[in-house]
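Note that the chains are named A, B and C in the order they appear, and that numbering of residues resets to 1 at the start of each chain.
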Amino acid sequence: MSDDNKETAGPEGPREGGEPREGGARRERVLGTPSPAREKALLAEDDISAPAGVGEQLDEASMKRAERIVATLFMVAFAASVAFIAYFIGWSGRDGGMHGVVRARESNFWLGGTMALSFLAMAAGVTIWVRRLMTSKPIVQERHELAADEDTRAAFAQDFMEGAEDSGITKRPLLRRTLLLAAAPLGLAPLVLLRDLGPLPEKRLRHTYWGEAVKRAKSEGKKGVRLVVDGTHRPLRVSDFASPGSMITVLPEGVEEHVPEDEVLTQNAKAVTILINVPEDRFKPAKGRENWHINGIVAYSKVCTHVGCPAALYEQTTHHILCPCHQSTFDATDAAKVIFGPAARPLPQLPLSVEDGYIIATSDYHEPVGPSFWERG
Amino acid sequence: MSDTTAPKAIEGTLGFIDERLGSTTFFRRNVKKVFPDHWSFMLGEIALYSFVILLLTGTFLTLWFNPSMKEVVYDGSYTKLQGVKMSEAYASTLRISFDVRGGLLMRQIHHWAAILFMASILAHMLRVFFTGAYRKPRELNWIIGINMFMLGMLEGLFGYSLPDDLLSGTGLRITQGVLESIPLVGAYGYMFLFGGEFPGQDIIPRLYMLHILLIPGLILGLVTAHMMIMWHQKHTAMPVKNQTEKKVYGYPFYPVFMAKTGAYFLFVFGVVALLGAFAQINPIWLFGPYDPGAISSGSQPDWYMGPLEGALRIMPNWEISAWGHTVSFNVLIPAAVPLGIIFGGAMAWPFIEAWVTGDKRQHHVNTRPRNAPVRTATGMAAVTFYGLLWLAGANDVLAERFHVSLFATTWFFRVTVILGPILAFIVTKRICLGLQRKDADVIGHGVESGVIMMSPDGRFSERHEAPREEEKIVLLSKENARPEAPARDARGIPAPGAKGPIGHLRSRLNRAWTFDDVPVEEHGHGEHEAIESGSDSEQVKR
Amino acid sequence: MKRITAWRRRPWAGYAVVLAALAAIGVVYAGFSPQTERAEAKSSAQAAQDLKNGQELFNKNCASCHGLNAEGTKDAKGKPLAPSLIGVGAASVDFQVSTGRMPAMNPGAQVPRKEPIPAFDTSIKTDYEDPKEREHAEKQKAQAEKNLRDLRAYVQSLGLGPEVPPASAVDPEGGDVALGGKLFRTNCAQCHNFTGQGGALTGGKYAPPLSGDDVTPTQMYEAMLTGPQAMPVFNDTTLTPKEKQAIIAYLVQTREEPNPGGNGLGRIGPVSEGLAGWLIGIGLLVLAAMWITAKKPKKLKKS
């Protein structure tokens, strides 16, 4: 805090005059606390903001009382801190330590309660101390002009120019320019270093694991990959899912087996799909997707096209799919077209078919799932 | 106070430091530094002390937290999640909560302190704005403050994302979606931040580094700068008796202010501990581990991200797809524009105001909000805008609690977010001018005393008394608007500041700023009788 | 021995054995359980009477909207007012009536949960001190249970639908709570919230809270099975009974679990936390700031 010279050039204690300095320092003499005898009456009525320093106006008895109150509060704080330590050492670790909800609750209550009591009692004590017992008087200090005076500025400007002159930077443009040239790529270097933070997007955002799963299934001579229930990994038959108004979250079969463990979540994050049984008479398949559903059983990407929350809230009466994050609403009967909210595009639809009575997907999504991005097109 | 020397221990220590650093000169100059008193001056201190609490509790949490996304099967003491697959980050947070003694308390205190940190910065900013404390010479500190709030938002977002629970994972998913939508570089930014596709394995360790090292470091630096500038410039004062532009009146730093701020430090600690002990926050064990296919209704961010969330919710679905590229205005506009207006506007405001009013002086005494109606009204418009976006971020909770249609709440906010600020501006300005008129009345006609007098001819009238000295000083602190020099003088030569379109704009704005100002003057056209009758209550002035 | 073997080869032998066996069973049955038969006869009469009671209850409480034959009704424009109840099954009736949703009071965006009407209120208080009062309440409860059973049976008789699950299928003790949590978060929490606090749907509809003790495990099961109102259906082949039981176990354990961190603030997450931070946190600290900087105590004003 060496920046303080200018501001506090003159000492500002209430009792001392300042050492005179140039310009405006004459009035540095501080007003405020002449002899208490003369000021007392004035102070009493003159309290614009006199939250402290009333000590002198209190008689000995009330000061004693205030002192006792403060001391009591400090004792309370002491007791609470001791209780905190005592509880921690004596009780919180009993029966093999604190484990589980019930013990955590008890420990939180006692540790937090005693801690809060200790702090608050101490805070109240100090506050009363300041308000009732401190005898400091309000004082007045000069506010200084922050800017330097003309002379100083001029002197500095001269010093600065002199230095520049002496260094030769103004006289030797070659040095100046090559120095700038040398510095410029140095600034870019850290950016280059950040390149390996992650891979380039390439085609990553355009495919999901459904594509790979379908490819594997086809190589095994099947028509497509089965849909399994997220959480139980049970493949679904058409007959299993026959109740109109049904809804369930599904994934492609085989994610757990065929994907490295640390990538499962990442693949699921894109492949997660919502399977809905829309009453067939209400279902209007989109052009070119007439055979993508099985009697009204239809699958849409669960990743919202807005910013990627799972759009999972299906109302079987209105056939709306709602994203609980930002309330984008899609119509499940009409190719998941947007009917309300900030999302701009329908949820991608997964082509479904039947094989051996099981619901299968016959290809990947035909468009990128999830939020829009620049290269999406 | 005695004139004897300090006790030996202190004397010795001070001497030791002084001989090496020359510190006594500094101490001597600052030990009695004056601090003006007002309750609202302590709002910023809440932020300072919450930050200290955050550093302390945060350090404690790092001792057990494991920022890893490696999948493990939980077998800890929270029975409901036993056998569930989760990341190590989530498992270690459960461990802190249920197996580390005092861990839950520290977690809760940490989170409550974060909420208070951000809330108190905002409250402090509002105080500074409405009292005009940001004016020259304090613009830099104002800008530093806004930057700290923005860093705080990032810090908070990264912090509550660390446990890798379902709620915060949803927040990260949204962050990813917003990042991805940035034109040209979005997909690259996404890949680089997440080290591949969402969620990947890298994001939690990276956020952890940012959360515990980089951003707190930056905030710490800014806090230091903020405090040093404040100390150097001296605190502003309220426009009350004894406070002038030249002199600051108040209590000395040592011992009064030190004790007060110490007490307040303890209060902040106490209140945060109270909340940590008795109000549950961020119960991640109820949210479950992050799972990209799962979601909960009422998924909200912490309050300071609320306006962003609200903007995302009420934005219409504008998106352009052309020439093989997609631009998502439905994401970009809400992510950048509202807070851009608020924070960018706030940072530019001191300079805009100085330009419009032509006021290049230094100000150390605050303005009463009513005495700067345009400023106050603009502030209230911004508060309304922010507040409505904030509420819009909780529209599903509002719809659920009050059983109104979800879409109706969206439409309500779409309309009010535009109209509300305008209305707030008009209403606030009217109220300010009304209050000015009242002040002018009090100064001109005196205060109604409640004493009814009968005049010799039998008429009754209420006696008006001159306001008390303190009150009068407060009222007269208003700086009445002076009519600006006309844009053209008598000979038709334009004034230097009013040339060109910019100059025209400036003088128009200036007129808008001042035209309806109500002068508050002591020697107005008042009833002299009333003032005279009150003269007996004139106080002895120093 | 040889003769028997020879008989076994005869073409009629198989029939003879079957007939003999049947006769033997008949004799044994008649001899051992004459009472059963009589009870059955009686119970079928009782069943008819119960069914009649069910029909009466239906006509009195339900037919005004659902039609005398439970065929459903439509308004003048052909918009359905009340759905047909043929084939909805006993589970649906039990859910709607035991949660008080049916009979519905007035049409709104959604039929709310309320106290069941007295004829079906099976949750009335019976733990009275006064034995007379207690007896009366218990009788009333038994009657309500019977009424509900009869109504269910009547609707089930109109067309088969999902049955009410047995008590063992909904016992939260037997569920795999870890699996239940996963399934709940994936398929239920989007409407009902992590902790079952409920949430908003479109058009003023809402997902009701599941956190109250009045939501019984049976009702949870029935809701999943039948998909009342806007809720999707989760039939027993999509989510097996075991999985439903897991979800029930998760929900019941979650609502019974204490909040280790103090007051749960409604368990709805950051909205109430932010509110508490501003109102309680900043509120208390502003009070503290006012105290610290307040003018001196009143009584000293004129000293």
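In this text, a contact is a pair of C-beta atoms (placed from the backbone, for glycine too) under 8 Å apart; a residue touches a chain by one contact, two chains touch by 3 or more.
What you are looking at is a predicted structure, and each value in this text was computed from that prediction instead of being measured.
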Selected pair, greater C-beta contact count between B-C and A-C: B-C
Far-end chain from subunit B, centres as C-alpha averages: C
Whole-Å separation of chain centres (CA-atom averages), subunit A against subunit B: 16
Length of the line joining the C-alpha centres of subunit A and subunit C, rounded to whole Å: 40
Subunit B-subunit C separation of Cα centroids, rounded to whole Å: 50
Sequence positions of subunit C contacting 2 or more other chains: 182, 186, 190-191, 199, 201-203, 257, 259-262, 288, 292-294
Two or more partner chains touched - positions in subunit A: 45, 49, 51, 101, 104, 108-109, 112, 123, 127, 130, 230, 249, 310, 312-313, 324, 329, 340
Subunit B residues counted as touching two or more neighbouring chains: 37-38, 79, 97-98, 104, 108, 260, 263-264, 267, 271, 274, 276-278, 291, 293-299, 396, 406-407
Touching residues on subunit A, where the partner in the complex is subunit C: 44-45, 47, 49-51, 54, 57-58, 101-102, 104-105, 108-109, 112, 123, 127, 130-132, 229-232, 234, 236-237, 239-249, 276-277, 310, 312-318, 320, 322, 324, 329, 340
In the complex, subunit A residues that touch subunit B: 1-4, 7-8, 11-14, 27, 31-32, 42, 45-46, 48-49, 51-53, 88, 92-93, 97-101, 104, 107-109, 111-113, 115-116, 118-120, 122-124, 126-127, 129-130, 134, 136, 138-143, 145-146, 194, 197-201, 204-205, 230, 249, 251, 261-262, 264-266, 268-270, 272, 302, 306-310, 312-313, 324-329, 338, 340-345, 370-377
Of all residues in subunit B, those that touch subunit A in their complex: 26, 28-30, 32-34, 36-38, 69-71, 76-79, 97-102, 104-105, 108-109, 137, 170, 173-174, 176-178, 180-188, 190-202, 228, 231-234, 240-242, 245-252, 255-256, 259-260, 262-267, 269-271, 273-274, 276-278, 285, 290-299, 309, 312-319, 321, 324-328, 330-331, 334, 362, 364, 395-396, 406-407, 410, 470, 539-540, 542
Of all residues in subunit C, those that touch subunit A in their complex: 179, 182-183, 186-187, 190-191, 199, 201-203, 205, 227, 229-235, 237-240, 243, 257-262, 288, 291-297, 300-303
Residues on subunit B engaged by subunit C in the complex (per definition of touch): 37-43, 46, 79-84, 97-98, 104, 108, 111-112, 115-116, 119-120, 123, 166-167, 260, 263-264, 267-268, 271-272, 274-283, 286-288, 291, 293-303, 306, 394, 396-397, 399-400, 403-408
